[in-house]
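The structures come next, written out as structure tokens.
Each of the next two complexes has chain A plus one more chain, namely chain B in the first and chain C in the second.
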Partner chain A sequence: MPPEPILRLENIVKRFGAFTALHHIDLEIDEGEFLTIVGPSGCGKTTLIRLLVGIDEPTEGRIWLRDKRIEKVPANLRPTCMVFQSLALFPHRSVGENIEFPLKIRGETASRRKERALELLDLLHLPHDFYDKRINQCSGGERQRIALARALAFDPEILFFDEPLSALDFRLRKKLEKELKDLHERTGKTFVYITHSLEEAMVMSDRIAIMRQGRFEQIAVTDEIYARPISRFVAEFMGEVNLFDVEGTASGGLRGRGVEIQANATGGGTELTLPQGTQGALMVRPESVRFLHPGQTADFIVRGILRASYALGSRTQYKVESSEGIELAVEKLRQDRFMGNVGDEVVLGFDMQNTHMIRER
Partner chain B sequence: MERSDRKIGFLSAVPITVILMLSFTAPLLVVLLFSVMPPKVFTLAHVPDFSSYGVLFSQGYYRSLLWSLGTALAATVLLFLICWPLAFAMAKVFKGFTLFITVAVVITLFVSENIRLFGWVLTLMKGGLIEGHLRAWVGWSFEGALYNVPVIIFGLVYVYFPFMLFPLVQGISMVPDDARQAAADLGATRRQIFWEVDLPLSAPGIVIGSLLTFVLGAGALAESKLLGGQAVIVIADEIETAFTYGQNWPLGSALSIILIIIIGSLAVFGVSRVDLDKIMGRRR
Partner chain C sequence: MRIGRATRIALYLYGVLVIAFLYLPLLSVGFASVSKARYLTFPIKRYAFQWYGKALESYTVQDLLWTSLSIAGIVTVISMIVGFFGALAFARYQWRFRGVFQKLILLPIFFPQAVLGLALLMWFNSIGIIPDWKTAVVAHLVWISPIATLVIAIRAYSFDPALEEAARDMGASTWVVLKEVTGPLLMPGVISAGLFSFLLSWGNFPLSLFTTGADSTLPEWLYAKMVSGYSPLVPTVGILSIATSMILLIVAFTIYWFVRSARERGARII
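Coming up: the complex of A and B.
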């Protein structure tokens, strides 16, 4: 039995004066999942999360928490809670008092509060002596954990995150992303995370919702978003990608610019079809493209010149300019790196199982 | 480089230091010395005794002191209650309108305090603006609202309004919106947000505003004289009388010193409790 949605958005519209930030949004969030809403800045994701948390009200539409309508319920009466981008810790209170804040509001006794605060310090791998520290004595990563502990102390049905990791340096961010994912598994709570960073979304989420100009472009599990984007926007947003403009032919096959297509790779029986005369984009990720040695073949072949190579640590990325002037990205693991020189003529190939057709809408 | 910086700093501080020593510390020292002289002398060439301080209790001057402190305290509390909602709106709700209110309040300071208080005398006195009109239109006559303690407090509230309002606005604008929203998100009601977030985080502004109004109010003279008509005698009035009609400089000095000690220790205590750098927008 599929899990019941814990939160359901129906036809949500948010306008600020003449500007429409959210256009008729529908969304279902499943109990216990880790959903990440990703989009470029200005796409409406912050507006959306403020509606979900209850800081703002939608102009139109309904929000259901299980079977209760909550779009007009103020934030302090909702059983949900958010970790703010700024973290919004209370600077005049100690770490312990910050974590205990929601319990104090609820009127729990001091001993019960402290017990719970220490449990949460444990859960977030903070030593107990943090209890009496002041907020300004804590580092950025420690503050993240304190903000998280305070939100968990509230024991929310859904925990929202408004890009809380964006201000941290790269290494700490990577570490906390994994911790957050572990925490999600251990607590079993529903997490809804918003970010403009694709990598953050990929690491943590069960499902990803891509937002663009106040609408959802695609909502799907992480792998599908990566391998089967619904549009060029999603494909390009989700990391490096190679796109070839293609057109359906009368014989049911494909004709592309800059790419040689083997007859059996497209058309009937494959996924790579287009109605005759319509446009599409053939997508292949850089790691699925390989350098062909003489005598080797592939479903799709591109000839060009190696223009640059970039060492990315565990991987190496190559920039190849095809004979039609199209730039392609190729990525290889470090131990499989291509032994060629910039300026060499190269032949690239990739296979049908690694490609995806984006149909123009 | 650092040494020459320090030298420049020292040199540039010299003029103001000299001026302060001469104009501020020296007179204070004279007052301090006079306060320990025997009564009714006009030179410092006498054997010190502390008889002038004893007069505070024996001749009931302590009552004037209490009236001053009491009216100042009442005015401070009232001002806090009146100014908080307006200051909150100016800091968090109004946008361009805040500037309008600021200018409107500041403009009142362009007119001398005494003239503004006389305006209130003409408004509130028997036969004045209010009572006169009421009598003329509806034939209702009363004794006017002047010459009592509440009107003195009203005068203090009126005159020191800006001194509470602006520090409060500054203090409240230091409360991050995020902290208020986070508190609400964590279940706090408006009242709980006020007690747990607004009040502690705007404390520097509250302390500064309260100190300003209390200190100025405790030393105020014009309100009790003009509006109060000496219904009660405040300590500043007693000090003035001691120096002028009373011709008792040691008494006036002793009363001044007592007032300075009370207010000074209060101010030092208050300022030590708040982060002045923060309210001035400076980072340490």
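Coming up: the complex of A and C.
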């Protein structure tokens, strides 16, 4: 039996005047999972999380926390807590007082509060002398951890995150992403994270929900979203991708522009089918494309000219222009890098098990 | 930009001259108050502090100080409270008539104070209130509380709304948010608004002239005595008036400095 959802959204609509920010949204969040809601700016993810936290109310629809309806319950009466984008640490309070804030509100004694604050400093790898520091004496990464400690002190049933890492530099962000995932495993709490950054979502989440213009485009486990996107939007949002326009043929196979398709790779018995006459897109990720040497073959073949190569450190990326003028991205590990020169004619190949069909809806 | 040595000296000289021109007259009031002679002549032949003694003994002066202090004190307290909530409405909350409110609040500042004082006096008369120092409190508030509101609003503009939302999210009720977050964060603005209010009320002449009725404030009395009945008591009381303002400012800055340096040492204040 699948775990009971801890939070359930039913038909949520949010309007601001004439503008509809959220269109009839449904979502179930499982107990203990790390769900990331990803989307470009303006897709409604911030609006959504403000409804989940209780800062705003939905125009229509219901929100269930386990078996309680909470859409009209204000934020201060909900057992959930959010780490804000700006972190919202109180500048007039010390680090210790910040962490203890939710405990103070709950009326816990000073000694109990301090004990808990020090435990949380330990949990987040901050030395105890931070307890008396002021917020403006702490670096960006330290503030991040303090904000987390404060949210954990609240002991929420669900912990929400509104892009708290977006202001940090790249290396620190990468480090904290992993720490956050760790923390999720250690605390066993339900984490709901929103971001516009695909990498952040990929590193941390159990499931990803992709949002677009106030609706969910696709909700699935991380690998599924990456390998089997439901639409071009999701495919392109989830990183570099090669797409070929294809059409179903009378014989049940596929016909595509710019790509040679081996007879047995598509049609009956494979996932790569399209009803006759309908349009679709064949998707392959750059790391699944190979450079073919003379005599080698693949299920799908593309001929073209190598236009550029970019060293990305552990990997190298290539731009290839096909004979039909379509630009393709290919990525290889550094040790497997292609030894050709820019301007060379190349043959690219990829196989059916790494290829996914996006059907037009 | 590089400035030549000659230009720099000229600029300093210009600054010193402007300051001297503006503040030397004040110094002469100071001299007049300690001269033994009835009228100020330079050089002062004999110094005497007798007028300070006389001023402090005089019931009239004690009365004046008390009236001015009462008005300024009450105006300060009310301006700080009104300004605090006014600033929240001005800067922090979205509401229907916010734009109108933001413009209306500037209106009293644009009226010449003499006109405002006259208008208020006529209004008090027409609704049958006999003017005394309490009506002056109302008159001062009309002019000063918008200024206090603006001073606090500047502070309110610069704070992150997420701080209040976060406090609420962690279980704080509206009252606790106000007490724990909004209040302490706006406090520096409220304090400077209070200082402004006190000083503006303490030194105000035109509004007091029209609206104190039979009562009199320090600036009013200074004016009346200049017009008729000058004595060295006039500069003496003038200097006392300045001294009060100075003491207030010095106390305020000392407290500010003390709190700040305590904070920097990491001590917990309040």
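Some points to look at:
Just so it is clear, the second predicted complex is superposed on the first by the 361 of 361 C-alpha atoms of A that agree within 3 Å, B and C clash if a C-alpha of one lies under 4 Å from a C-alpha of the other, contacts with A are read in each partner's own complex, and residues count from 1 in each chain.
Going forward, a contact is a pair of C-beta atoms (placed from the backbone, for glycine too) under 8 Å apart; a residue touches a chain by one contact, two chains touch by 3 or more.
It should be emphasised that the depicted structure is a prediction, and the values quoted were computed from it without experimental measurement.
Overlaying the two complexes via chain A brings chain B and chain C into a clash.
In the overlay built on the shared chain, the residue A:Phe84 is in contact with chain B and with chain C. Within the superposed three-chain model, A:Arg8 lies out of touch with both chain B and chain C [touch as defined at top]. Contacts of A:Ser94 after superposition: chain C is touched, whereas chain B is not reached.
For chain A, the partner with contacts to more residues, out of chain B and chain C, is C. When the two complexes are overlaid on their common chain A, residue A:Lys133 makes contact with chain C while staying clear of chain B.
Once chain A of one complex is fitted onto chain A of the other, the partner contacts of A:Arg303 are absent, as it touches neither chain B nor chain C.
Common to the chain B-facing and chain C-facing surfaces of chain A are residues 53-55, 74-77, 81-82, 84, 86, 88, 90-92, 101-102, 105-106, 150-151, 154.
The residues of chain B lying in touch with chain A in their complex are 176, 178-179, 181-189, 192, 196-197, 200-201, 203. Considering their complex, residues 53-55, 74-78, 80-82, 84-86, 88, 90-92, 94, 97, 101-102, 105-106, 132-134, 150-151, 154 of chain A touch chain C. Within the complex, the chain C residues that touch chain A are 160, 162-163, 165-173, 176, 180-181, 184-185, 263, 266, 268.
Here chain A touches chain B in the complex through residues 53-55, 74-77, 81-82, 84, 86, 88-92, 101-102, 104-106, 150-151, 154, going by the rule given at the top.
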